[in-house]
Structure formats: structure tokens, C-alpha cells
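There are two complexes below, and they share chain A, which is joined by chain B in the first and by chain C in the second.
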Partner chain A sequence: MPFDQKRINGPESSLLYTQFIDNDNKFQGKNLYSKGKRVDGRERQEHRKHAFLLNTISKAKGSCYIENGNTKIICAVFELREIPRISKYSEKGQIYCDFKYAAFSRRMRKSNDENEEKLMSTNIRTALESTVCLHEFPNYQIDLYVMVLEDDGAVLATAINGSGLAFIDASIQCYGIITSTSASIINGEIFIDPTSEEERLKNDTNKSKSANLTLSSISSMDQIPQVFFHGLADLSLIKSAKEKILDTNKTHVLYFKKLLSNKIANVRA
Partner chain B sequence: MSQEELYKTINPVKYLRNFVEKSLRPDGRDLLEFRPTIINKDSIATAEGSAIIKLGTTTVICGIKAELAEPDSSEPSNGFIVPNIELTKLCSPKYRAIGVSLDSQIMNQTLYNILFNSGCVDLTELCIAKGKLVWVLYCDLVCLDDDGSVLDVASLALITALKSLKLPKVNYDLDTKVIKVDDTIKKGINLKALPVTTTFITFEQKYLLADPTSDEESIADTFVTIATCDGQLSYIYQPGGNSLASEQFESLIKQAGKREKYIISLLENIFE
Partner chain C sequence: MDNKTDPIVCFPGDRLCTSNENTIPGNGTYERLGYIYSSLAGIVETKTEDKNTIISVVTSGNKTNLPIVGDVVTARVEIVNQRFAKCSVICIGDMLLNRPLRGILRKEDVRATDIDRVEMYKNYRPNDIILAKIIPQIEIHTYSLSTAENELGVVIASARGLATSSNTYIPVPMVPISWSEMQCPNTLVKEPRKVAKIMSENALAKQQ
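Coming up: the complex of A and B.
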């Protein structure tokens, strides 16, 4: 652990105890799809149960706490402020996204994983830039803060879902509701909404890492605003994964609409 | 904006004074009444110990990750506990967006002092093999919503997470230097004391308010944080401001003692 003067420091270096555990209990890829079900009892196409809570942070303009299985993410949107440090007037508004993993959220504790966090921030930002009506607030910037409290797979998809809802909770005009789902392609099979253990698996045949595809769609339009893919997979598999994800996204829009209409009903009452 | 909110924005001091003169607070509490406390343990599966505490709307989550390390040569049978709180723009617009803010640093050190002043954890419990292998507990706290009294909530989150901690059994062979971890047997650590902090503010030099919200904190004369442990005084933090009369101070300590009893009874209910 590099010495950080601004925090309380522990010892110089520490080891993960999980590497010393006997292999008997370790998750083996062979059990991935045995007896017709995945390790946690789901079908291949089945999405985990999710829960949402709007307006969780009292100090934020809009916020959303989202749970997708065990993945827990909180998103907060704050008031508009002028875009700092620019010289020209900007006709469109901007979104500033700050994505952070909490130090205890993953298997390995890393208090600063800036590169990956920046990559996720950019992905979330580009996904939301397509839904938010940026022309409504020229020269202004909206701040979006996303924090992952527990990572059990499909983080990017869950974060995009939560951020979209947080924007709507903040009463910021959007073109539509953005929904996102993640899929893993392992050993030629497609698994929707992988857990973190499934995401980490390698293909049996060529020991390459399994592929992971995250795709978002906007409810009102027939367009895909964001795709994030990494890994090695056949083009035909990617195509069918894309179709499955788009179907899943469509079903989620109904849930989100119900959630939002409940919120408005409560406000009116 | 409603009339009330407008009045509150224009003259917050007068707004609060109108309530306090009638021995009430804007949210309907008595002057020395606390907001409802919600304690939730074992919330995060990836952490070895975790807790989420809510005091009204102020929310802090604590997650403890345990790792193995060599102990300090000057203290060969002591483990490490490293608390760290993150106060970012996520919880309130008043914090800096990037980097470690001054408030985080102050709170970090205060938490550290409260934890070790009270003798809460005996670091020798974290020792696996003297001079060779000890546990390091990285206690990371994240404030999710700052509506006043963050220190109270943070210290309670830390204590609850430590109490809910489950460490696997580790065998260290002194001859072969091989480490073996058995994930199936999990044991917690023994907490010798449970320090509970209470925050008060003074308003217009005569009124004492317990558990301030962030609006009340911003117009307070001074705020005092008192940590008690088993009815004994463990830590007092008053960063300047107006002075307190000694009777006021004594009544604060009594209130803090009462609050501690309540919190301890809550914790006992949860950890039955």
C-alpha cells in the first residue's frame, strides 16, 4: 500500500487470504450449467431480481439506489452548475460522471483503481448523453456520482439503469428511459446478467477470457446508445446475445415505468 | 418554493430561533431528542464485516476487508486496524469533488482516536503468529448522505461492522512458512468496549441541541462531540467556537451517557 499522507495507513503491503484457501470449495467452471440451471438456480436467459429506491439521498437533486441480485449501486445527480474552465459558450450542456468502487465492494480491496473507474465513467456518460436533453441547459453541467457498494457482476449495466432513473428522479428532461443489460458468452453459450464469478471465468477450449457484452437501449427509440464489449467470441454468438439483451431491456422498461409512476403518484398524494 | 422554505433561505438563524424559543426543532423534535436510528449489519457479502447505519437521513456504510501482513517489528503481536472515511460530493454538495477533503482527514483521525482511546479492540487478537503473520482490518467507511452528525453515525457503523466481523481460521506453519486458510470456520473478534459518540451544538449561547441536522450545524455557535464507553468518558472533541458553561457541559455528558445506554441496547438486540 503506497503511503498516502492524507489517510491513515496500515502496513506497507498485505496479502489476500483467499489465495491460501484449499481448492475443494472453489467455484469450478464445470458446474456452470449443470442440471439445467446455473450455480444460483437461474436459467441461462434469466435476469436476477432487482430492486430500486428513488430519492435516497436527501442532499441530492435526484438519486437512485439499485440492487441487482447482490450488486448494489447508488447514483446521485446534483444541481446544475456552469461548466468550469471553458472559454467558449457551449450550445449543449454537459454531463460530468464520477464513478467509484467502494474499497470493500470487490473481492480484492483496492482503494484507488483510477483507470478502470475512468473507463466506466466515460461509458456511463456516453450512454446518458443520448437520453438527456442536453440542449435544455446550454453552458451548464450536471454532476452524476455513482458508487458501487457491492460488485457481484453486471456493474456497468446496473450503473446505467440507476443513473437513468436518478436523472428522471431529478426531473431532468430525457428523451426516454434508458435500460441496460449485460451478457456473458462462455464456451459458446450465452448467459444473461452474469454474476462476478461467471464474469471471471475463462473459456475451456482456448483458455481465453470469456466475452462480456453490455448493451443499452432507449425506450422511445429503436436505437442503441451504448455498447461495451470485451473478450473473444464468434460473431453469430454476439448477434444472438444482442437480440436477447434487447428483449430483456424491453421487459425492464415496463418495471421502470411502473416505478416512476408510483413515485409521481406518491408526490401528488 | 413554499413560504417556509423561502423564510428559511433568507434568514436561517431567525428561522431556527423561532422554533428553539418554543423548545422545538424544525423537524418536530425536542431540543435534546435524537432522530430514529436504523442499524443494519452484514449488508455487503464481499466484505468480511459490514454495517449500514442511518440516523434520520444521515447514512454511513462501513465495510471491513481483512488481509494478512507481517506485523510491525516494534509490536510483533499486534494486528492492524486501518479506518478510513470518504466524504465526497456524493453525500453532500459541500465537499470537494476530487481528492481527500480536509473534513475527511479530520474525521479519519477522530475516528482513529475514538477507536483506540477506548481500548475497544485488543490488537493482539488479530495476531496469528507472533512476529510473522497478523490480520490487517481495512475499515472503509463511505458517507452516503450527510444530514448532520456524521461522526456519530460513522463511529457506530465502525463498531457494528467490527462486531459483525467474521474471520476465517488461518494456520501458519512456523517451520515450512506455509499459510493455510480454512474458509468454513469463521470466528469474530472480541470487542472489549463499545464507544458511542454523541454530537451536540449550542445555538445563541443558551440553547443546547442534540443530534443536529446539517442546516442546524451550519448556523451553530459551536459543536461538541462526546464519546462515552461503559458510562465513562472516552473522548471529547470541541473545535473552537463559543465556550460552554460548566453546567451545560455536565448536562451534555449526562445526555451522552443516556444515549450510549440506548445505543448499546439496540446493538444487543441485533447481536442476540
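Coming up: the complex of A and C.
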């Protein structure tokens, strides 16, 4: 057992109890389904309720507060800044993404998980580099700050949704509205928009194949700017998960447009 | 044009119309595979000139604007040197910028004639507000400016002004007395500047 100075430890030769759990009905000791639906009452393909608010940060050029079930993320876009430390003329602008988990956002209250934060910010940047018209501001960069207030699964997908909306709120030219959805492939089934419980299931043992797929798409152009896949899964399952995610993304675009139109209407009035 | 019909609201990625020789994608739009798409969330505006229609999308404020070559900008002179004057661009046309941009006005670009014998200090002083035109960039983050026209040059310059009781000076705007001199109204001191020929808006409108 790992030695924890602040607690009373058992004998040194003791083992974690999870190794002895029976894996038949439950998936690694956790209920995947109850009464044919997922633990929180959803269908396999059902997405959680989500909503967003624009212009929540007055000092930012554009901002978006987005909630997806219990996942809460805030994204803010700031004014153009000269790209520091370049010597050659760059024909395209750049996006600088700073992604942070709040210390209280996850189950384990860690203040710093630099590697994962860097990975997330790279993914968000890749997604947005194909959405934003970078040729409109050569030699300049746009700062995007993303902070996760609560992590209950599908963080990358929600962050990309929020960032895309923050750019639109900032009146920065974009090729289209980018939407993103996450899916977990566990036990041969596809679960759209997993909660953090469902996401974490794949991390425990190597016995069954499980995986996590986050895919963003610009539905109006039928383009996929970003994919993030982690785990093991059958190719056929990955393909059908991709199709389901693309459909979900398309329906979300309509919902986003409806809320965006409120913003335009308010401003005109 | 579309005053009587409802305004068309559009979002990034919305297809606006087909593109042919007579349609021009304006601000806030882009052209792709034979169609014109919107790239902003706002209201569509069409303007017809001769046979061409310019389609653009207008949002409310918050616009990101960078000057292009040929724009007339308002700048404040920060540092004056023998070779150049460093300025900070505060407006593009009549639109105020959120953050000032860096500009540089070189000795050769101050006026159109006799450019070898220009003395920077006799044309501009720190804290002058000038109108200048953007010329092609030489350095990366600095816009090159030129005042080589009659309508460009110093618009507002301040003289040191009257002393107040607490040992400070209230700056007083100077009055132009010729195309190369300005005078303080209180002390009657003349200072050399390259003065801009500001045309009144009525005169400009009549010209057009």
C-alpha cells in the first residue's frame, strides 16, 4: 500500500480491495446500467441537458459560460496581441490557448496537472485553428483562456463548444460553428456524453477494451478539425461512434444558433 | 435597401448566396466553392454599386480591425528622433481602437518634396496628434506611416501653456498660422510643425 503520512496505514503487505471484486454483472464494480438505462436515467445515445451564456466576462472581448450536465466551463477570448518573439512575417494569425482546471473542479483536489492541461489546450487550439479565419490578423495572436469549474465528464467537448461560442461572441470571423461531443465505448456499447464516472471506468484495468472518443466538427462545411481518442476499441465500434457523434454535433448547431439569435436580437433592440 | 423587409440574421457558416462576377464578398463573409458564406453572427447588408452587389455581415461593435495599406489613421507622436518619429495609432478612420497599435513615421515619408532636408523636430513634437496614411510595412509589428500629402500632418498640438499656482502647466492647444507653423494663443510663441489641411465635412461631401 502506498505510504500516506497523514493517515494510519495498514500493514505493509496489504493490497487494494478492488483487485478482488467480481467482474460479472457490474463493470469493474460499478453499475453501468440500472433498469436498462444509464445510471443517471439516460438512454445510451442521449446527451445531457446543456446551456450556455454569452458575454459573461465584461473585460473580455468575448466569453461563454457553458454547462453540460454538471460540467461547468468558462471560456474567455481577449483582444488581439502581437505574437511575441517572431522574426519572420507570419501570414496567418495564431491562437494561444490557456486551459486550467480549477483546484476544486475534480474529485481529487489537485491544484496542478500540467501535462493534462497542456494536452487539453493543444486539442482546443487544433480544433479552433481550423474554425477561425486566421488570415484576417497576420502577425497577431488571440488569447483564449479556458477554466473548468467542475469536471463531470466530456470536458474537452464542452470546452471546444464554449471556445467556439466565445469566438463568435467576440465577433471574430469564423468559417462555421464548431460543435463537439464525447463518447465512451465500454463493454461493446457506445455511450454518448459520458459523465466522469463513466469516463473513468476505462482507466482501471486492461481486461476489457474501453475507450474515449471526442470529436469536433464544423457541420456547415462537413469538416472534422479535431479528434481525440484514448483507449482500446474495435474499429467497427469506433466508426459507429463517429457517426453518432457527427449526428449529435449537427443537432447541436441548430440549438446554438437559436440561442445566438437571442444575442443578436437583444443587441439590435 | 432592405429597410422594409425583415433583416436577415446569419451565423458563421451560413450560406448567403451564390457567387458570380457581380457579387462581391464584403466584410464578414468568405467565398468558397461557388457560394458566399457568412463568417460572423449578425445581420446581412447588401450594397449595390453599378452592376456589383457587395454583401457583408454587420455585427454590433466589438469589431477586430487592423489597418490596411491606404487607410488614414489618427496617431499620437510618442518619440521624435532625427530619423523617424514613433507613434501610437489610436483610430482607424473614425473608429476608435481598443488598444493602440505601433506606428513609425520615417524622415523620408514626412512630405512629398525635398525629402533629404527634412528635420523631424521641426515637423513633429511628442504628444502631437497627427493624421497619417498607412504605407506597406517594413517591420513586423509596426505600421509604417506617411504624411506626404496636404491633408495629412499635425491636427492638434499643445504648447506648454499657463502656469498655475501649484507649479504645473495647463497645456493649451496651438493655432495653425501657416502650413509649417503653429502659435500658442497665450504666449504667442511660434513652433514649427507640418500642419494638416483639414477640410470641413461639407466641403468633402460636395467634392464627392
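By our rule, the second predicted complex is superposed on the first by the 232 of 269 C-alpha atoms of A that agree within 3 Å, B and C clash if a C-alpha of one lies under 4 Å from a C-alpha of the other, contacts with A are read in each partner's own complex, and residues count from 1 in each chain.
By our rule, contacts are C-beta pairs under 8 Å (C-beta built on N, C-alpha and C of every residue); 3 or more make two chains touch, one makes a residue touch a chain.
In this text the structure is predicted, and so the values were computed from the model without any measurement.
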| query | Is A:220 in contact with chain B, with chain C, with both, or with neither (first, second, both, neither)? | reply | second
| query | Touching A:151 in the superposition: chain B (first), chain C (second), both, neither? | reply | first
| field | Touch count on chain A, higher of chain B and chain C | value | B
| query | Looking at the overlay, what does A:56 touch: chain B (first), chain C (second), both, or neither? | reply | first
| query | First (chain B), second (chain C), both or neither: which does A:10 touch? | reply | first
| Once the shared chain is lined up, is A:79 touching chain B (first), chain C (second), both, or neither of them? | both
| query | So, does A:70 touch the first partner chain B, the second partner chain C, both, or neither? | reply | first
| request: Once the structures are superposed on A, label A:143 by its partner contacts, choosing first (chain B), second (chain C), both or neither. | output: first
| query | So, A:106: does it touch chain B (first), chain C (second), both, or neither? | reply | first
| Set of chain A residues, in rising order, touched by both chain B and chain C | 79
| query | Once bound in the complex, which stretches of chain A touch chain C? | reply | 61-62, 79-80, 82, 86-89, 133, 136-137, 139-140, 168, 170-177, 218-221, 257, 260-261, 263-265, 267-268
| Which chain B residues qualify as touching chain A in the complex? | 44-47, 50, 57, 59, 61, 63-72, 80, 82-84, 86, 88-93, 97, 99-100, 104-105, 108-109, 112, 136, 138, 140, 142, 144-147, 168, 170, 179-184, 214
| query | For the complex, which residues does chain C have touching chain A? | reply | 7, 9, 11-15, 28, 30, 32, 37, 39-43, 59-64, 66, 98-99, 137, 140-141
| message | Quick check: in the complex, which residue numbers of chain A touch chain B? | response | 4, 6-11, 13-18, 20-22, 25, 56-60, 70, 72, 74, 76, 78-79, 98, 100, 102-107, 109, 111, 143, 145, 147, 149-152
